[in-house]
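Comments concern the structure below.
Just so it is clear, A, B, C and D label the chains in written order, and each chain counts residues from 1 on its own.
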Amino acid sequence: MQNLTLGEAVKQALREEMLRDENVFVAGEGIGVGIHNNPKLPTHGLLEEFGPERVKDTPVSEAAIAGLAVGASVMGLRPVVEIMFNPFFTIASDQIINHAAKLRYLSGGKSKFPLVVRIKTGAGIGAGCQHSHNLEAWVAHCPGLKVVMPGTPADAKGLLKTAIRDDNPVIFIEDMILNFIPMPVPEEDYTIPLGPADIKKPGDDVTVVTWSKMLGTALNAAGKLEQQGISVEVVDLRTLAPLDEDTILKSVRKTGRLLVLHEATRTGGFGGEIAALVAEKAFNQLKAPVKRITAPDIPVPYSKPMEQFYIPNEDNVINGIKSILG
Amino acid sequence: MQNLTLGEAVKQALREEMLRDENVFVAGEGIGVGIHNNPKLPTHGLLEEFGPERVKDTPVSEAAIAGLAVGASVMGLRPVVEIMFNPFFTIASDQIINHAAKLRYLSGGKSKFPLVVRIKTGAGIGAGCQHSHNLEAWVAHCPGLKVVMPGTPADAKGLLKTAIRDDNPVIFIEDMILNFIPMPVPEEDYTIPLGPADIKKPGDDVTVVTWSKMLGTALNAAGKLEQQGISVEVVDLRTLAPLDEDTILKSVRKTGRLLVLHEATRTGGFGGEIAALVAEKAFNQLKAPVKRITAPDIPVPYSKPMEQFYIPNEDNVINGIKSILG
Amino acid sequence: MHLNKLNLLRSMLQIRRFEEKLEQLSRETEKIYGMMIVSTGQEAVASGVGAVLDPADVIISNHRSHGHLLAKGADPKLIMAEIFGKATGYNKGKSGTLHIAAPEVNVLCTTTVVGGGIPIAVGTAFASHYKQQKNVTVCFFGDGASDEGSFHEALNLASLWNLPVIFACENNVYSGAQRVEEHSKVKNFADRAIAYGMPGIVVDGNNVLEVYQSAMKAKERCLSGEGPTLIEYKTYRWGGHSTHDQQSYQPQEEIELWKKLCPIEQLKATLIKEGVLGQEQYQQMENEIKQAVEEAVKFADESPWPQPEDAMEDIYI
Amino acid sequence: MHLNKLNLLRSMLQIRRFEEKLEQLSRETEKIYGMMIVSTGQEAVASGVGAVLDPADVIISNHRSHGHLLAKGADPKLIMAEIFGKATGYNKGKSGTLHIAAPEVNVLCTTTVVGGGIPIAVGTAFASHYKQQKNVTVCFFGDGASDEGSFHEALNLASLWNLPVIFACENNVYSGAQRVEEHSKVKNFADRAIAYGMPGIVVDGNNVLEVYQSAMKAKERCLSGEGPTLIEYKTYRWGGHSTHDQQSYQPQEEIELWKKLCPIEQLKATLIKEGVLGQEQYQQMENEIKQAVEEAVKFADESPWPQPEDAMEDIYI
């Protein structure tokens, strides 16, 4: 099997989907000719292969990029546009929230908007809070959107292919740190459905629900705890919307304990939704209080010691799990 | 005591704060000369009283309005700007999320941004989903902001005064339906701190945590249940950030049961945060699964029967409480 | 495309009578829920531009949409039913007056977010270009909308890529309660095109023949691959922003002045002078239109309401 | 204000040497975390504009900020410490290079959201106007930023209200990897001022004396209450967007051409010709500046790191 970073897996999915369907095109800032001539990056080489009619470098104008996707998709194209960093999503958010997400509903189900918005996210790159700010909770709170946050390159490839083929608007969020960690990715053309969570590690004592970059943190913590005789089940959501309630609930009903782990700030983060779901529907099987491990309620600081303090780490997870187990 | 609508109470607070402090000014679309010449509205008459230097009608440009507030506040003014309807907040959101909320932090605590953004919100006005879309969960998820959502005119007056005097950026969200329901409001100058929730009705059997317009729905339901011998405690959050964890937890520890009620859509709504908090910190006192009563995960539909279906109502709350009580 | 002036007159008259009925229903009955925004006085823009469009051409509309819809051939019955909130409306009652989409006639989006449709029009035009289809997009928006950031980003991109889109700015002198000079210092909004290296032209928006010519020229420019045009149509909103607007800020003399420039009366006079139209023929046109409006109301009135739970449909595919 | 040309030279040289050091540290050491964005070749804009500003005047800066900060009198030590992420930096390590705020010298905001500072500058200028204070705001941004919607909304509002703000657009030929003609069809970005009824002027951004004059004129216009000016400074980014940029898209000849137009060499030559500057004096200036840069590095190096938990401070008051 090939070893790819998340960025390379995304590129493979983009390339194969562009080969498969000529209605697929990509657009965004610096996605054709970029300032980084780095093959690890998700759109590297696409311009050379597909030409400027299908690989569209745009001016710095996120509202126009998003509107381009909305308009092109209702005409039958399958745009995959990129918002460079999650905080800049704000500038595109009117188009995404009030238009991409609502226009099908407003058409009474007559129109469809098969678009994908790729967004780079995550702390740990020393760029500070105007580049690093995880806002998946915003889009996961918006009916009409699907929201995907892969935690491995292999998932990214299969999920992005499905996202591109999906007839609904999909927000596809890629943590930049994963662009530098190669992992095995199947070479064939495969898709992964949007919806089902994936149990990345089965276990009996406690359920950890997580997504995106934090999957690795969860698995590392689970590995260490295993050696201490604590059996952790790691549920990788992969898609926040649709949300796989069944897998979450089944796991918690089995283990009786829940820890939710995400990098976004705590208050109002999507972890609240998971905790609420469990407190509503698996309450009777719960043996201990639920617990959330998240970033604290602050912007991402620049300086490395503070930035590292911000990002939830293995120790936080291990301690969190131990505290649940009492 | 005077009887005022929420809009009138807001106007009284604005007027008194403008009289008290000449650094306070208001700006927004149609807040001076508006298309509705209606004294019930929050900024009616301010232009006549304070003149065009302090009551600034702006072009239709939400990013500029928000940026105006950010820049003016760091210079020592106390802007109170209006975003006409919650969905248009998207257009202002870069300024609010990436600037108003983060710039103090980015200054290392040297600068302050004492601004207020008033936002009109709520379903029930027949304007459809591009006017009605409750997005308080977005701002409540953003460290650096305070978030206020009054449920009564009296609270609105006292909270807005505090918000204007507060040195942090405050998002103040007003449900439009409350602009048409007069209620008693003290005439004197008073403030209500940002933070403490208010127990609007004490009770023993179940805790309802709610805010904004849904407070009325909760109180009506509680009144009816009282006659059936069910004692409901209604906790009105009033401010989502800071969040009054103590009052929530104390109440749930007493009643052992929690229902969260909000008008925003369910998944990713701020109700998840409340439920999560309780499942984390009052788990051992919980006697039953928590429950959320919210709008369903759809955009606000226009047609009245569907719009009414969208908005949580008394019956939903009553049934929800009964189901918790088993 | 052959210009049929009688059809232009018919189109404007249809819009006028349809919206007069909406106003009346909004003021006098409970049939219409929420705001009611009409375009009385501005009909020449919709009709003149609409007349140059083929079925495959696309319209992206805004909150003042009824004229755009009717001029593109939308069914008055389905519009009326949508406005009444009925299950038979264009969008099953989910949209109401503010967001009617009629994909059947390629009005693909009506957005009430001011300026929100402009980037979308860039997207639809991009699709035509990408698929090498010979159709154009018209995006209607107001003078006020041209102050929004979305306008700027969209026009820059459309010009850069030479996309087949006509930016039809209806300058009706007001944005809400603000007169044009209260919301921008630019004299002609068409001048904003300079910022994108795009042609910008000013047209008398009450002269439907000039509107038609200007739109035709812009369409030809689109189809020849030369790119977009910004057209500012100078016109006037006779009524308030919506029917609940008391127009306190709108001088009566100004309204009277513009009423004298009624686009319908102007074309009617021309056609009578040219001998193309007789009084009887006009009366017949009026009758047909009024009857169609009444039929639309009847259809809407008699149509069933959506079920409350229908709200749950039509969100995902 | 009296123009001291030697100070202009000193200011440019200070920026050049300071950023050369940053580049070197970024490429050769681990001292600098994250991206490093410098303005080499563009120094005349910061220095020329900076020279017309009083302490009470405000700067709103962008991602390419070091020049703006230094020209406004910010302390190189505190900048360097901030870039190193140290507790002694301007912002205690919370900002890093991308968002340095130095309220001490009225650089009130550096935002790395492209275009994000422009509406804020309208706000600071509004405050000056509101309080009837005689100061101005300068907002620096790039050619690319002028494509953002925030630019449009902000300039319209500033012009409408005649606010005392100078919009200083540094056209350095690139926005990321895009040449100007790849991101807009407008020939001169100054022409965008037309869309707001605002004066827009084009200035040689490598001629610091012309930069100075243009900024002075714009400042006087602000102070006389006539409102804002958009100034496009034509200049060039010698290096890539950031130090990690391989400049694959930037023709070597183009770089060489612009290096011949070095703003520092230009002024130096003039001053030598005018007899104002001698070689020895220049060398002394160089030495002082280099020493100050080394001291800044030393200060930053020896400064303590923030504690991890310090991250929790400085969010609310």
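In the analysis below, contacts are C-beta pairs under 8 Å (C-beta built on N, C-alpha and C of every residue); 3 or more make two chains touch, one makes a residue touch a chain.
Predicted model, so just to flag it, every value in this text is computed and none were measured.
Of all the chains, the one whose CA centre sits at the greatest distance from that of subunit B is D. Between subunit A and subunit D the centroid-to-centroid distance comes to 36 Å (mean Cα coordinates, whole Å). As a whole-number value, the distance joining the C-alpha centres of subunit A and subunit B reads 30 Å.
Separating the CA-averaged centres of subunit B and subunit D is a span of 40 Å. The multi-chain contact residues of subunit A, meaning those touching 2 or more other chains, are 59, 61-63, 87-88, 91, 94, 98, 105-106, 128-130, 143-144, 297-299, 301. Counting partner chains per residue, subunit D has residues 92-95, 99, 111, 113, 116, 147-150, 152-153, 156, 160, 182-184, 315 touching two or more of them. Judged by the touch criterion defined above, the protein chains are all mutually in contact, each touching every other. Residues of subunit B touching subunit C in their complex: 29-30, 33-37, 57, 59-63, 87-88, 91, 125-131, 296-299, 301-310. In the complex of the two chains, the subunit D residues touching subunit C come out as 147-153, 156, 159-160, 182-187, 191-192, 194-198. Considering their complex, residues 25, 53, 56, 58-59, 61-64, 66-77, 79, 94-95, 98-99, 103-112, 143-144, 146, 167-168 of subunit A touch subunit C.
On subunit C, the positions that touch subunit A within their shared complex are 58, 60, 89-95, 99, 101, 103, 108-109, 111, 113, 116, 118-128, 130-131, 137, 149-150, 152-154, 156-157, 160-161, 313-317.
Contacts from subunit A toward subunit B in the complex involve residues 87-88, 90-91, 93-94, 97-98, 101-102, 105-106, 128-130, 133, 135, 137-138, 140-144, 241, 243, 264-265, 267-281, 283-284, 286, 288-292, 297-299, 301.
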